[in-house]
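Consider the two complexes below, in which subunit A is the common component and subunit B and subunit C are the respective partners.
== the complex of A and B ==
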């Protein structure tokens, strides 16, 4: 029963924040909404009993990737996007409580998720070993080749990002009709 | 022991994926297009993990980990492309990149 309540709570939170991702206009608010979606989905992972994926979702996705998007937003000047309405200075006052709400949401996900997560009633092996050990053993035996290929893809992606994003000498004018 | 049925995960994942695709099509800002893509990827992850909880396996969680890693690589390359486009052309909207008549 408590699982249903937590599942529906996090699902509604995720869908509400997803509407924010699609419909908000300020890119910073969109990033905060995306962060809320990621944290809520981590809570649903806890409900489903996938503790390792939930922790990695919180650590890598919700922290690293979101910060990456913020970096790009600071690297690209968005004056053209911000020019049409100038009320963002006033609404900057609300950003701190918003971040506080996000932090509370993260704490909530950890506390509720650890309490609710089914400790492996699903299978004997999971009951005996725990989720992380089972995922690790199957990752390094059955999917070992895919694991190594993912590391190769990450290396190629890093090289490609550096190559694509490096500084060019000349700037081409926008000659589109 | 009552667990969440697969249909509940399906409904949530479907709604999130639909919103992600909708955002990919509707949005003009290129960075928010990428963020909508992250939304769709997370919907797929949610379905993987939900099906795992339903079937009692862990293979889907391994694939969710792969999807997270590949999404990080995709974000790096995509944001690099966006920065390169902005640096070369000084545009930030998908409507202004029409050289290939797409």
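== the complex of A and C ==
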């Protein structure tokens, strides 16, 4: 009963804030609505009993990712920061079919995922071991190859970031001594 | 239904007690800070209001509440006020996962003195702790002032760097304890007869550095740097709104992070530890109250240590602070992590 009330509260909050992300014109408000979406999704995870996923949602999405948007936006003078003047409307229209394909793919993956996901088999395991241990044991047994591949992708991303951020030698013409 | 009602009542009582303790103690710590600072600098400190200035926090509060509420022109009033809420709420929420003592029985009901014993409590502490970035960035941006903006960017940079460091620093104790629940970490230290500070001195030192940086204590208080930035991101706030930011940063956050440090490294509510042999309790005469007294004692000692540093050291530059985080502290935590992962199985088997 209480679970349902909390779940409905967080879902409504998430949907409302998602509308805010799309329709608000001041970018700082957009970021705050995004933050609200992420936090309420973490709340939904908590209600569903997936504490580890909820905490990671908070730690990585709500803090680490959203902070960088805030960083960028706080450096913008706030009279210039409104969405209306700087929106690529025509380009947005052209990119619509691509976005549609992406959403269709997400839907497909979701439906297939429901078909193959273990129904209720993990519940016993979670009760016996606890959230973190179950996620760890599944990652390092069943999905070990995928896990290692993802870590490889992350490593490549890191090397790319280091390459972009390195100090370049004298490349540009520099007149000042 | 009966069980649900009891659970609701107990949770409500816990929330009220924790809020009262945190906010009340937070206000009175201003007096402690002023007294300690004064005696470090060989002054008497506040002496006029009440015996040895004991009523000084009340007088300060009254003064702050009756001040004029100024607002900067061209600022954003909604975000300006929202920043206050976003500073106070996450900082207080951290106390939801701080265990104050062992489980006890009152009126036939077993009570754990911790608000929610979720099995990922520690992750929650750091997620909520770094939410402080948003309040600071918003405060700096909504004030529409260059001083505030520079102060908030400095502070946000420091928090982002040290949040990484502190998360890796606590990995060592987590590996030794084998759990993320704060209550179970303390319980495991008591079962293993070992405070983790004996095996994790590097992690503890790094944790203390990161704690000072995140709470904006000296030597890492460049975000306010009175001489160059007036008072940083709080410059456009007046009255009680100004008072709230130091209250949150200097007192509530220092208290919560000290409590987590005690939980991780000093065995929570356990008495003095002799490694691998057992515990010695000079306060045994207090009976069932002794664990709570030990917890409070350890947290206040850590808090006084932070105060001592604050009023002794000079201030670092911003580039020195972030360089230390990425080039010294982070590699140290990696070394510590690898060492712990190698030696932990040898010790426990």
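As a working rule, the second predicted complex is superposed on the first by the 107 of 177 C-alpha atoms of A that agree within 3 Å, B and C clash if a C-alpha of one lies under 4 Å from a C-alpha of the other, contacts with A are read in each partner's own complex, and residues count from 1 in each chain.
Here is the rule we go by: a residue touches a chain if its C-beta (ideal position, glycine included) is under 8 Å from a C-beta of that chain, and two chains touch if they have at least 3 such contacts.
Every value quoted in this text rests on a predicted model; they were computed, and no experiment measured them.
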item	value
Which superposed partner A:134 touches (first subunit B, second subunit C, both, neither)	first
Touched partner set for A:144, first subunit B, second subunit C, both or neither	neither
Touched partner set for A:70, first subunit B, second subunit C, both or neither	second
Subunit B versus subunit C as contact partner of A:28, first or second or both or neither	second
Contacts of A:56 with subunit B and subunit C, given as first, second, both or neither	both
Subunit B versus subunit C as contact partner of A:161, first or second or both or neither	first
Which superposed partner A:11 touches (first subunit B, second subunit C, both, neither)	first
Subunit B versus subunit C, judged by how many residues of subunit A each one touches	B
Contact residues common to both interfaces of subunit A (with subunit B and with subunit C)	52, 56, 64, 73, 75, 78, 131
Sites on subunit A touched by subunit B in the complex	1, 3-4, 7, 11, 14-15, 18-19, 21-22, 27, 30-31, 34, 37-38, 41, 44-45, 47-50, 52-53, 56-57, 60-61, 64-65, 68-69, 72-73, 75-76, 78, 80-81, 118, 121-123, 126, 131, 134-135, 138-139, 142-143, 146, 150, 153-154, 156-158, 160-162, 164-165, 167-168, 171-172, 174, 176
In the complex with subunit A, residue positions of subunit C that touch it	4, 76, 79, 82, 118-120, 123-124, 126-128, 130-131, 133-134, 137-138, 140-141, 144, 149, 152-153, 156, 160, 163, 167, 179-180
Contact footprint of subunit C on subunit A as seen in their complex	2, 28, 32, 35, 51-52, 54-56, 58-59, 62-64, 66-67, 70-71, 73-75, 78, 130-132
Subunit A-facing residues of subunit B, complex	1-4, 8-9, 12, 15-16, 19-20, 22-23, 26-27, 29, 31-32, 34-36, 38-39, 42, 45-46, 49-50, 52-53, 56-59, 61-62, 64-66, 68-77, 79-84, 86-92, 96-99
